[in-house]
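What follows is a group of structures, each given as C-alpha cells.
The following pair of complexes shares a single chain, subunit A, combined with subunit B in the former and subunit C in the latter.
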Partner chain A sequence: MGLFNGANVRLSDIHVMSKGEFRLEVVRRCQNDARLMNLFGCPEPSGGVRLFAFMGFDEDAVIRAVSTVISSDDPAYESITKDLFQAHLFEREIAEQWAIVPEAHPWLKPVRYHANYRGVPDIWEGISGRDIPGSYPFYAMAGEEVHEMGVGPVHAGIIEPGHFRFQSSGEEVMHLEIQLGYQHRGIERMMNGGDLVRSAYLSEAVAGDTAIGHSIAFSEVVESLAGCAAPPRAQAIRAIALEIERLANHVGDLGALSADAGFMPGSAYSGRMRGDYLNLLLAITGSRFGKGLSRPGGVLFDIDNEMALDLCRKLTVYKKEFEDVSELIFTRTSVLARFEDVGAISLKSAKKFGLVGPASRACQLERDIRIDHASGMWQFYHIPISLGATGDVYSRALVRRQEVMRSLEFLLKVLPSLPHGGIFVRLPAMRADMLALSLVEGWRGEIMHVGITDDKGAFARYKIKDPSFNNWFGLAWAMRNQEISDFPLCNKSFNLSYAGHDL
Partner chain B sequence: MNGILPVFAHLAIVMALSPFFFGVTARVKAVFAGRVGPPLVQPYFDIVKLFRKKCVYSRTTTWVFRASPVVVLAAVMAFSLTVPFGEIRAPLGFPGDILLAAYLLALARFFMIAAAMDTGSSMEGLGASREAFFSCFSELALFMNFIALASCSGNISLSRMIGEEMPLSGGTLTPALILVVSSFFILLLAENCRIPVDDPDTHLELTMIHEVMVLDHSGIDLAYLLVAQTAKLFVFSAIVVQMIVPGAAGDRAVGIGIYLAGMMFVSILIGVVESCMARLRLDRVKYLLLISFGLAFFGFIVSLWRK
Partner chain C sequence: MLKIIMNRLKQGRRTLRFPAGRPPALPPRYRGRPLADESGVGPDMGKTLYAPDDNTGYSNDYRMSSSNREGLIVRGDELALANALGEKLRKILGRSLKLRYVSAGGCNACEADVNVLNTVVFDLSRFGIQFVASPRHADGLVVSGAVPRNMREALIKTYEAMPEPKIVIAVGACAISGGMFAGGPENTNGVTGIIPVDLYIPGCPPHPLTTLDGLLRLLGRIKK
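And now, the complex of A and B:
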C-alpha cells in the first residue's frame, strides 16, 4: 500500500502477508532503495498481534505499508534484524510490548522494562519487577587491561537519566553500551481511548524540548483520521513555531558543544541567544516551549500583522548575532581541533543504522522530511538541505549552523506574507477502523506518529517514534575507538532525547 | 624564634592573598562571557563554607584518603616557603632547595593520586592515571626550567635563582628569560589544571583530571584541597612575577606595588587565556608539555651562549 505523509487508509486496505512474505518484503525493500521508518505491533480483536512495517521511499515521497498477523498460539517469527540492522530496536520493542519472540535476533534485550501489553508471561522473566540496570546483560570484555566504567543514570548537570557502560582500554573506548528506559511513562498506551484533549497534552510531553514537533505530528494524525485539514494559516504558524523550536535547540546545542570543548564565550553567548528564541515562542504561545499551540484542527494562537513585523525585526537582529557568534566558534582553531575527526560515522554506517535528522545529514545522507515528504507549509517553501561531509562532531555542528541560517531565512520570508483566513476548524469525529500517519522534521529529525482507530473511532493503538529512537545507536557506534574524554562532545553533537526514546 | 616568625608571616601571606587572585581569574572569565561574575572574594566564602561542613567518608576508603588533604596542603605550603614574594624573602633557602621544591610538589601529587585510587571509583582511577601520565611530562619541564634558571643565575637555590640577585631583567640574558618565562607559564597552566590542559569549571566527569580526583572529598578535607589549589596557583604566579621583576626596586612600597601589579597581571592573563581558547584534546596535552620543556631547553642553551 503506497501512502504519503499525512495519509489515512482503511485498516483492511493494508496488505496482510504471511510472516515469511512480510519479512522478505521488508528486508528486500529496505536493502535497496527504501528505509525502515517504523515497525510496530497492534493488538487484533482476535487476540493476535498485527505487525505493521512502514518503509520510506524518500526519492518518490512514498511510504509503503505492509502487515502480517502473529497469532497468539505461535508468538514468534524469524527476526528481520538478522538481515536488516535498522530493525534492531524496533524488534526489541515489539518483543517487550507484545511478548513476541523475534527468533535469532542478535541483540535481544529489554528496552524500557515494563510488563507486556498482552498480559502473558514476558519473554524476559520478571523484567518489570527488577531493578535496572542491576541485572542488565551488558556486553563485557575480558582481560587485564579492560577498564569498565559506568556513567549514570544519575548525571552531573541537568540532563535526563540514562546509563552508559564503557569498555575501554586506557583512554580508548572499545565499546559503549547505552541502556535506557528510566523515563518510561507509558505515553503510547495513555493515548488510547477517545480523550483527544488529554492526548494533545500528552503529545507535548513526549520529549519536552520537542513539544511543538510532537504536537504537530499528533494534530496531523487526528486531522487525517477525521478527514479534514487545518487551515493554511494554521499550517503556516505551525511551520513557524517548528522552525523557532529548531533555532532554539540548534543554537543551544552549539553553545553546549562549545562548553564541552571548554570554550566559554561560545557557550555563554549561545546560551543567551537560545533564550531569545524561546522568548519568541513565549510571545506567540505564552509558553517558552510552545506548549498549547498546535491542536487537532489548527492552532490556538494567531500571529497578527504587528506581531509578525515585530518578530521579523527581532529575527533580523538575532541573525546578525548568530552570524557573529558562529563565526567566533567556527574560526577558533582550538575549538575546531576538538570537533574534527571525533566520533565520525561513515555514510554506509549511517544508512545501515537508519540514522535520521542532522546526525544523518552530517554523514552526507540526504534525509529531511521537509524536503522528502513535504506536507503543510513545506509544499510551498523549499528549504535547501544542509549536508555535512565528514560525519564527525564538526560535521554535526556545521549542519546545525547551516540549518539555523536557513531557518532564519525561511522565517524572514514567511512571516511577512502569512496566508489569510482562520486558524482553527472544528473537526468531525475520527473515522472507525482507519490508520493515519504523520511525519514531521523536528529539530532532532524525523518524528513519526501513527494512529489506528477501533470500530468506534477511538484510538486502539497510537505509535510514537521520536528521532532519538533511530539515533541512540549512532552515538554508541560513534564512540568506538575514540578517547573516552571526547564522549561528552560526541553526546552533545547528537543531543538525543531520553524521554522521547523511553516514551 | 627569629627563624619561625618569617615562616608564619610567609604562610599567612599565601593563605590571605591566594584566594583573591583565584577570584580575579574567575572574574576575568566572567567578563569575557558577558556576565557579571562572582564577587572577587567568592573563593574566601567557599573556603569558609567548606570549613563549616562535616566530612563524609566512603566505607571503601582507608587512612590514605583521610591523610591526603593534610599532606597535600602541608606539601604545597612548605613549597611556598622556598619562593620569595617580591620584597619578602623566602624563609627557606639553601643551595639545592630546587630539589626539595620539586619533590614537595611530587609528594602532594602522589597523595592526590593515592587518595583517588583509594576510593576505588573507576572515574577517579581514570583521573589519577591521567594525572600520573601528564606529570611525567610536566616534571620534566619543571626541572628543565630550574636548570635554565640555574644557568642564568649561577645559583641552585630557588629563592636566589629568581630573587634579588638574579641579573636578568634588562640584562644580556633577556632572550633566555623570555623563553623560560613562556615555558613556565605553560607549566603554570598545566600544573594548576587550567584550560587548555584541564577545565576547572566542567561538570563532565569523563573529561576531568584534577576535579575528578577530588570528587569524593567533602567538607574540611575539600577546604584543605581548595586552599592548597589556590596556594599552588599563587606560588606559581609568584615565580613568574619574580622572574620578570626580581625585586630590588629600592623603595619597599614601590617594590610591593610592582609585585602586586605583577600578580594581578598574571591572574588576568590566565583568565584571558582560558577565555580565548578551548581545551586541548587529552591526547595532545603531552605535546603542550613537551613544548614547555623545549622552550626551557632553548632558554638554557641561550643562557650558555650569552656567557
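And now, the complex of A and C:
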C-alpha cells in the first residue's frame, strides 16, 4: 500500500502477507531504495499480533506499508535484523512489548524493562519486568588492559537518566553500550482509549524539548483519522512554532558543544540566546516549550499582525547576534581542533543504522521530512537541506549552524504573510478501523506517529517514534576507538532524548 | 581575541536584577498561578498542567512554591508561599546551597528550565546555589519526573547517599503528584510517599522565575 505523509487508510486495505513474504519484502526494499521508517506490533481481536512495516521511499515521497499476522500459538518469526541492521531496535521493542521472538536476532535484549502487553511470560526470564534496567547482560570484553566503566542512571549534571557502559582499553573506548528505559512512563498505552485532550497533553510530554514537534504529529494523526485538515493559518502557525523550537534547541546545542570544547563565551552567549527563543514561544503560546499550542483541529493561539511584526523585529536582532556568536565559535582554532575528526560516522554506516535528522545530514545523508515528505506549509516554502561532509562532531555542529540560519530566513519570510482565516475547526469523530500516519521533521529529526482505531473509532494502538530511537545507536558507534574524554562532546553533538526513546 | 572582546562589549549585561527591582513582566499569555472560582477554592497546583484547555483560569503571577503539599491548593487571594528553612539549618548551610538533581520519568522540560537558571540571565551561583555532581557533596536533592518503577531505586539510593541534614525539592506536576502520568501503567505518582519533600515548585514545567523564587524563599532571601 503506497501512502504519503498524513495519509489514512482502512486497516483492511493494508496488505497482509505471510511471515516469510513480509520479511523478504522489508529486507529487499530496504536494502535497495527504501529505508525502514517504522516496524511495530498491534494486537488483533483474534489474540494474535499484527506487525506493520513502514518503508520510506524518500525520492518519491511515498511510504509503503505492509503487514503480517503473528498468531499467539506460534509467537515467533525469522529476524529481519539478521539481514537489515536498521530493524534491530524495532525488533527488540516488538519482542519486549508482545513477547514475540525474532528468531536469530543478533542482539536480542530488552529495551525499556517492562512486562509485555499480552500478559504472557516474557521472553527474557528474570530480566524484563524487573525494576532495575541495569540488571542486564552487558556486552563485555576481557584482557589485561581492558576495563569497564559504568555511568548512570543518575548523571552528574541536570540530565535525564540512562546507563552507559564503556569497555575500554586504556583511554580508548572499544565499545559503548547504552541501556535506557529509566524514563519509561508507558505513554503509548496511555494514548489508547478515548480521551483526546489527555492524549494531547501526553503527546507534548513524549519529549518536553520537542513538545511542538510531537504535538503537531499527534494533531495530524487525529485530523487524518477524522478526515478533516487544520486550517491553513493553523498549519502556518504550527510551522512557525516548530522552527522556533528548532532554533532554541540548535542554538542551545551549539552553546553546550562550546562549553565542552572549553570555549566559555560561546557557551554563555548561546545559553542566553536559547532563552530568547523560548521566550518567543512563551509570548505566542504561554509556555516556554510551546505546550498548549497544537491540538487536533488547529492551534489554540493566533499570531496577529502586531505580534508577527514584533516577532520579525526580534528575530532580525537574534539573527545578527547568532551570526556574530557562531562566527566566534567556528573561527576559534581551539574549538575546531576539538570538533574535527571526533566521533565520525561514515555515510555508509549512517545508512546502515538508519540515522535521521541532523545526525544523518552531518554524514551527507539527505534526509529531511520538510523536503522529502513535505506536508502543510512545507509544500509552499522550500527550506534548502543542510549537509555536512565529515560525519564528525564538527559536521553535526555545522549542520546546526546552517539550519539556524535557514530557519530564521524561513520565519522572516512566513511571518509577514500568514494565510488568512481561522485557526481551529471542530473535528468530526475519528473513523473506525483505520490507520493514519504523520511525519514531522523535529529538531532532532524524523518524528513519526501512527494511530490505529478500533471498531468504535478510539485508538486501539498508538505508535510513537522519536528520532532518538533511530539515533542512539549512532552515538554508541561514534564512540568506537575514541578517547573516553570525547564522550561528553560526542553525546552533546547528538543530544538525544531519553524520554522520547523510553516513552 | 579582539573579536571576543568586541563581542563581549556588544553582549552587555544580561543578568536579571531579580529579586531586587521591579518584578519581571511576563507576557499576557503566560499561565501562572491558577485562579480560584467563586467559592474561593481553586485547583490543586500540584496536579495542574497549566494547559490552555484544562478549564482553569490562570493569573500572570509566577509565585507558586509551597513548603507543604496543602499550600498548593489555591484558596482565594491568599498566598501560601514557601517558608524559609529553620534557623538552625540555615546556619549550617551559611551562604551556600549545593543541590543534586535527579531526573526521574518526566519529559525533560523541567530539567531544561532548571538548567536555564545557570545561564547568565538568572545566574544562580550569585545566590550561592550550585548544582553538584555527587550526592555526597549535596545539601539537597531536586527531583523532577513522575518516578516510574525503573527510577525508584536510583532515587532512593541518591537520597540515602546525601549527608544529613538534607532537603528535597520537588519540581513540576509529575514529581509532586505524578502529573499527567498519575495512575499510569508504570506506577508513576511522583516522589510523594518515597522521600520527604521540603519545597514544592508546581508547573508543567515551572517557569525559571517560579523555581528561583521558591529557592530564594527557602533560603529566606525573599520574604514578602
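Note that in this section the second predicted complex is superposed on the first by the 496 of 503 C-alpha atoms of A that agree within 3 Å, B and C clash if a C-alpha of one lies under 4 Å from a C-alpha of the other, contacts with A are read in each partner's own complex, and residues count from 1 in each chain.
What we mean here is this: a residue touches a chain if its C-beta (ideal position, glycine included) is under 8 Å from a C-beta of that chain, and two chains touch if they have at least 3 such contacts.
As the structure is a computational prediction, the values presented were derived from the model and not from experiment.
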| item | value |
| --- | --- |
| Combined model on subunit A: subunit C and subunit B, fit or clash | fit |
| Which of subunit B and subunit C A:338 touches, first, second, both or neither | first |
| Touching partner for A:485 - first (subunit B), second (subunit C), both, neither | first |
| Which of subunit B and subunit C A:171 touches, first, second, both or neither | first |
| Which superposed partner A:295 touches (first subunit B, second subunit C, both, neither) | second |
| Partner chain in contact with A:287 - subunit B first, subunit C second, else both or neither | second |
| Touching partner for A:207 - first (subunit B), second (subunit C), both, neither | second |
| First, second, both or neither for A:466, with subunit B first and subunit C second | neither |
| Greater residue coverage of subunit A in the superposed arrangement, subunit B or subunit C | C |
| Subunit B versus subunit C as contact partner of A:156, first or second or both or neither | both |
| Which of subunit B and subunit C A:268 touches, first, second, both or neither | both |
| Subunit B versus subunit C - smallest C-alpha distance in the overlay, whole Å | 5 |
| Residues of subunit A contacting subunit B in one complex and subunit C in the other | 156-157, 265, 268-269, 272 |
| Partner subunit B, residues of subunit A touching it in the complex | 147-151, 156-157, 170-171, 258, 260-265, 267-269, 272, 332, 334-335, 337-338, 342, 483-488 |
| Residues of subunit A touching subunit C in the complex | 112-114, 131-133, 153-161, 181-186, 189-190, 197-198, 200-202, 204-209, 211, 265, 268-269, 271-272, 274-275, 278-279, 282-289, 291-292, 295, 300-301, 324-325, 327-328, 331, 497-499 |
| List of subunit B residues in touch with subunit A within their complex | 29, 32-35, 122-123, 125-126, 129-130, 195-196, 199, 201-207, 274-275, 277-284 |
| Complex contacts: residues of subunit C adjacent to subunit A | 3-4, 7-8, 10-11, 14, 26-27, 29-31, 49-54, 58, 101-116, 118-121, 131, 133-134, 145-146, 148-154, 158, 180-181, 184-186, 188, 204-205, 207 |
